[in-house]
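The two complexes that follow have chain A in common; it is paired with chain B in the first and with chain C in the second.
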Partner chain A sequence: MTTIVLHRLGQAVLVLWAAFTLSFLLVQMMPGDAVLIRFLDPNMGMTPEDIARIRAFYGSDQPVVQQYVFTAWSFLRGDFGYSVQSGVPVWDEIALNLPPTLTLAGLAVLVAGALAVVLAWAATLSPFGWLRHALGALPAVMISLPVFWIGIMLVQVVSFRLGWVSVIAPGPWERLVLPVLTLALPIAAPLARVLLSSIERIERQAFVTVARAKGLSRQATLWRHVLGNAALPVLAVGGLLLGELVAGAVVTETVFGMNGLGRLAERSVRTQDIAVLQAIVVISALGFVLVNLAVDLVSIVLDPRIRRTREALA
Partner chain B sequence: MTRTSLSLTRRTLLASLAVMALPARRSVALETGTPVQGGTLIYLEQQPHTQLYPPAGGFYPNSGVLNQITDKLTWQNPDTLEIEPWIAERWEVSDDLRQYTFHIRPGVTFSDGTPLDASAVAQNFDSFGLGNPDRNFRPSEVVNNYDRSEVLDPLTVRFHFKQPSPGFLQGTSVIGSGLVAPATLARSFDELGDATLVVGSGPFVAASQTTGTELILRVREDYAWGPKELPHQGRALLDEVRILIVLEDSVRIGALLSGQADVVRQIQAYDEPQISAAGFNLYAPPTRGINNSVVFRPDNPLVADVRVRRALLHGTDTAEIVATLFSGNYPRATSILSSQAQGYVDLSAKLAHDPELAASLLDEAGWALGPDGLRQKDGTALVLTAYESLPQPQNRAALQLIAQQWARLGVTLNVLPGDAGSATVDNLDPAKTPVSPAMVGRADPDVIKSQYYPANRNVLLQKGGVSQEVDSFVDDHLNGLLEGIASEIDPAKRLALVAEAQEYVVDQAYAIPIFEEPQVFASAPHVHDVAFEAVGRPSFYRTWKSA
Partner chain C sequence: MTSRDLDAPLLTTSRRFSPRLPRLGLVPAWLVLIVVLAWAVGPTLFTGQSATTGLPGAQLQAPGLDHPLGTDELGRDLLARIIHGARHTLAGATVAVGVGLLAGSLIGLVAGAVGGRTDAIVMRAVDVLLAIPALLLSLSLIIILGFGPIQVALAVGVTSVATFARLIRSEVLTVRQADYVEAAFGSGGTFARVLWRHVLPNSVTSVLAFAAIQSGWAILQISTLGFLGYGAPPPTPEWGLMIAEGRNYMTTSWWLTLFPGLAVIAVVLAVNAVGRSMLRADA
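What follows is the complex of A and B.
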């Protein structure tokens, strides 16, 4: 077990370093820089000397290698530098924008999980064949819907037409209803699909037949024997969906005009605010690594087979 | 990572909005005549404000805030464009236009309690006129030839200029000359992104802000110094203005029509019918400055020949652009200046759409039509490039329509997206962007200088501006005219120079004016007396809600 964890931690560090380096290089390759974008506005009437002075302040006049080493060293010490666009420390921007995104994403994951289970449940146990088929096809439809379209439709119908929730100046919980749904629907879809096929596969296995033969109802078998086993692949897929969650947050936060890491990411890409962008990339990579680490560890707890294979290999 | 790029997302959103056109709930309008005091106005902005240092107030989201929280020395009547008293009760101007003396209205205070007196005004204009490099304050583009201030007594201040500064009086009335407390001037430019640190003397005070999403302005109960000419005096009628940032056009309009918002900014021409059909109010105040135009960068050899530029001017069908993309609120341009600007001259005869003349001018300039239908000279094709300007209404569509019109002449115009990473840098390089969209609003002839002068906005990219990529292009004749406009003492002579500059720019075909750009706002039927200053910035001082 310890070997596995150490092995995974090593991988995590490697992933973080690669994410940091690649994002650094990619941003360097773009023409122009944040200082130009912000200060070359003719409204500001700056002279080339002014701009050189600002560039020296942000250290962006140094050679690329030196900037890389300096930035990497600062990151290791937890210093993310200053945002050129807003002029405040990157930490302040992150502190302001991370909590709303975590709330949004966390709630979306919960809702998505619940939706997936309900959908899979209904599609498996529905008494009518046509309904089972219809429910079974729903995840494929949901996967095909772009996040921004779901968001804009929810706003138009639920808020503007039905008037159930307000999107302009809503209360603290009201504010979250539509964004959470928007983000949850496309995540629930792959989860439901994997869960459905996984339930089908496991229901055909011998131990389920034995359980049924002993006189357990189908519903009871599903709860006690099938669901736990069917959850494993869902968990694995869930870990990978974090990327979807980050991408979805960018669009959701834009449509609903919320503060958050997604919108901050969009802004920092647009204005080439490297310091902010890198902090977001590293934080997202960290999130990705942590979630997948947690998924792996939980899988090991859930499934003794993995533990044995891994230990045998290690 | 994302399934679609973000700009694509925005565009598709707009398209999906047009397709959906869901009928929205309508709020009930109660038309009454007597203004009601109290209530909160929900104002939806498209973009968050940036730094609120007054001279940076040209950016519309900034001016929407600054116009509520700051007062100006003088008030430009938006109907007559006359300069009337506000914080200055009266003023004297020396005959050589090098000394301006203002007498300050007594009893005016900033919202932090400090007095708005001669010394505070002097500090403001020292900062606006000269800039302050230590705080990253740039000089204001509306204060030309500034030398120094002199406090004559606690309520009298005199400004001295190195050369005549005929635009200064009007310059004291614009959004960029909002007066702020000395405590605000002591902060650095970057800090002023926090509106609550911008202390003004206006009818509202910035109470709290959530950066990027919301700003709450609260009424100042003791406000008693609005412009004397206004029918309303005393405190503002509203208790509170909540400015909320909603990026998506469809969400802003839907929120307004469903009764969740009171006033929204930035309505595209194709959304106007939706608003009027629902019985809501549309406002399209003019910006009275340089019209929405396409400009050339003659440093680029492809457009260095005046015949090529004139050919493209006559090959552009502005009537088609206005009819296809815009509405009656966007009048076709008849000069580089707005027809509602001071010194405007009707040059429509020189701006006629004439494809035959265009073709013969190109032939004359040596650009022959090749077998593929494209103009060529010495093996080079006439291929031009422009970046879309994001703040201008439907700019990409307008440029694409121009590209189609020019294609009929055998000229290619590539239109690149304005959110491309390379846009800012390439726009400073005439070799990469021989063509560019441009406009600026201000109700004073100085606006021409702001737009074309190398040390200001420098849209033609002359040598001597901020761009390092210009080889040699300088037009001394044009710059001489512009300097004259900024310093001519005799008003009649000054307007003559304005006329000459307009003709010169059109004769040289440096710019193709397209339409007079309005700022389009909409409000719910229960909202009354939304006012606009001379170049279309909203003022909520007199606004009230009858619901």
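What follows is the complex of A and C.
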């Protein structure tokens, strides 16, 4: 058991280090550097000496290898440098924008999970063939919709047409309803798809037939025997969907004009504030690695089969 | 496109429906693709109106007889703009998938064919690329390359390199173990020749099907980046940008955001349906 955990931890660290290196290389590919882009504007009246001094302050006049080691060490201590655009430490910007995004994303994941279960349930239990087909086809359609368009349509229908959610001065929770839905729909779709095919597969297995033969109703076998087994692949896919969540946050926060990490990313591209974007990339990679690590460990705990095969391999 | 490619998917789907596909069949999907392709090639054949200069006095008109899909804030016909925009969407998707396919094939071929330590290192690097959210990766590239339609297409293409590399590698590994490939080596074929004559033709259908599905994804990504304002500048009739501009008139003019979005969705669904049917025909 410990060997597996250590092995997975090592992998996680490796992925993280590589992600950092990649984002560092991307920054190096910038024509000039962030400082030059910001201060080389002739209107600012900077002398070459001034610029040299600023570059020395940000450490961008050092050789690449030295910069790499220096940046890696700073990142490890949680120091992401300074935003070239606003001059404040990048960490302050992140700390300010992380909580609203975590709230949004957390709620969206909950809603997406609930939606996926409801959809898969309805598709499995529906007595009509055509309805089963239609519900089964829904996820494929849902992932073909642009997220930003879903958001705009939700505002138009729910707020403007139906007047269910107020646009002018909504409450703190009311404000979150449409963004959470926007973010949840494209995540619910693949989850529902995996859950549906997973339920279909497991319902055909012998132990389910035995349970039915002993006199349990279909509902009862689904709840007691199928759902638990069907949840594992969904968990694995859920971990991989974190990227969708981050991309969705960028779009959703932009559409709804909310503050958050996604909006910060969008703004940093607009202002070419690469230090901020680099920090967001590294933090997202960290989130991805941590979530998938957690998913792996949880499935090892939940599923003795994985534990046994992994131990046999290790 | 050979006749086999066209016929096979039609035959398969008429026999049995996959529960995961919308029950459309493939005829509407091909129709959508043909129409959009025609729009991209000769937009002026389908609309007499300009996509960039509007009619004075015809601002923000609801869909009607003169303007089937209405007009925007400058009096430009929305249908004309969507028709002219098809070109930008298809060109962007082609560039993106081209970049992903070329670079991904190269990486996947080398990794799969050489094997050993090279394979391990390359595939680890691919895993890392997959650990970074695709949109953030494209944003990082756009910050470096600058704004513009080609930059956006390139950035989207680079994010799909990892996925293509994985697919091609697994294809190569499967085909490499096939008896006829071993036989080709055994009868004295050189590495490059066996790859070209035997491995490539056998992987090409599934790779093309995957490329079709991937181009649907690319269209979504490109429209998203266009919506965020990183793509072609106004007054280009790019679909994502049109939705972003229409957002300002959301309260009064619903058609400005609805129709360009439907155009994106129709193309993505059509491309996905065709790609999936190719995959099923191949399996």
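The rule is short, and it goes like this: the second predicted complex is superposed on the first by the 281 of 314 C-alpha atoms of A that agree within 3 Å, B and C clash if a C-alpha of one lies under 4 Å from a C-alpha of the other, contacts with A are read in each partner's own complex, and residues count from 1 in each chain.
Throughout what follows, contacts are C-beta pairs under 8 Å (C-beta built on N, C-alpha and C of every residue); 3 or more make two chains touch, one makes a residue touch a chain.
Just so we're clear, the structure is a prediction, and the values are computed from it rather than from any experiment.
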Which superposed partner A:Met258 touches (first chain B, second chain C, both, neither): first
Chain B versus chain C as contact partner of A:Val246, first or second or both or neither: both
Which superposed partner A:Ile152 touches (first chain B, second chain C, both, neither): both
First (chain B), second (chain C), both or neither touched by A:Ser23: second
Chain B versus chain C as contact partner of A:Asp50, first or second or both or neither: first
Which superposed partner A:Leu76 touches (first chain B, second chain C, both, neither): neither
First (chain B), second (chain C), both or neither touched by A:Gly163: first
Touched partner set for A:Leu96, first chain B, second chain C, both or neither: first
Partner chain(s) touched by A:Ser86 [first = chain B, second = chain C, both, neither]: first
Chain B/chain C common contact set on chain A: 30-31, 146-149, 152-153, 155-156, 160, 243, 246-247, 250-251, 254-255, 266, 270, 272
Residues of chain A touching chain B in the complex: 30-32, 36-37, 40, 42-48, 50-51, 86-88, 96, 146-149, 152-153, 155-157, 159-161, 163, 166-169, 243, 246-247, 250-251, 254-259, 263, 266, 270, 272
Residue ranges of chain C touching chain A (in the complex, touch as defined): 17, 19-23, 124-125, 127-129, 131-137, 139-144, 216, 220, 223-224, 227-230, 240, 243, 247, 250-251, 254, 257-258, 261, 264-265, 268-269, 272
For the chain A and chain C complex, residues of the former touching the latter: 14-15, 18-19, 22-23, 26, 29-31, 132-134, 136-137, 139-141, 144-149, 152-153, 155-156, 160, 193, 242-244, 246-247, 250-251, 254-255, 265-266, 268-270, 272, 274, 277-278, 280-281, 284-285, 288-289
In the complex with chain A, residue positions of chain B that touch it: 1-4, 6, 9, 12-13, 16-17, 20, 22-25, 42, 44, 56, 58-59, 133, 138-139, 141, 189-191, 193, 210-213, 242, 244-248, 250-251, 254-255, 257-258, 260-261, 419, 421-422, 424-426, 428, 455-459, 465-466, 468
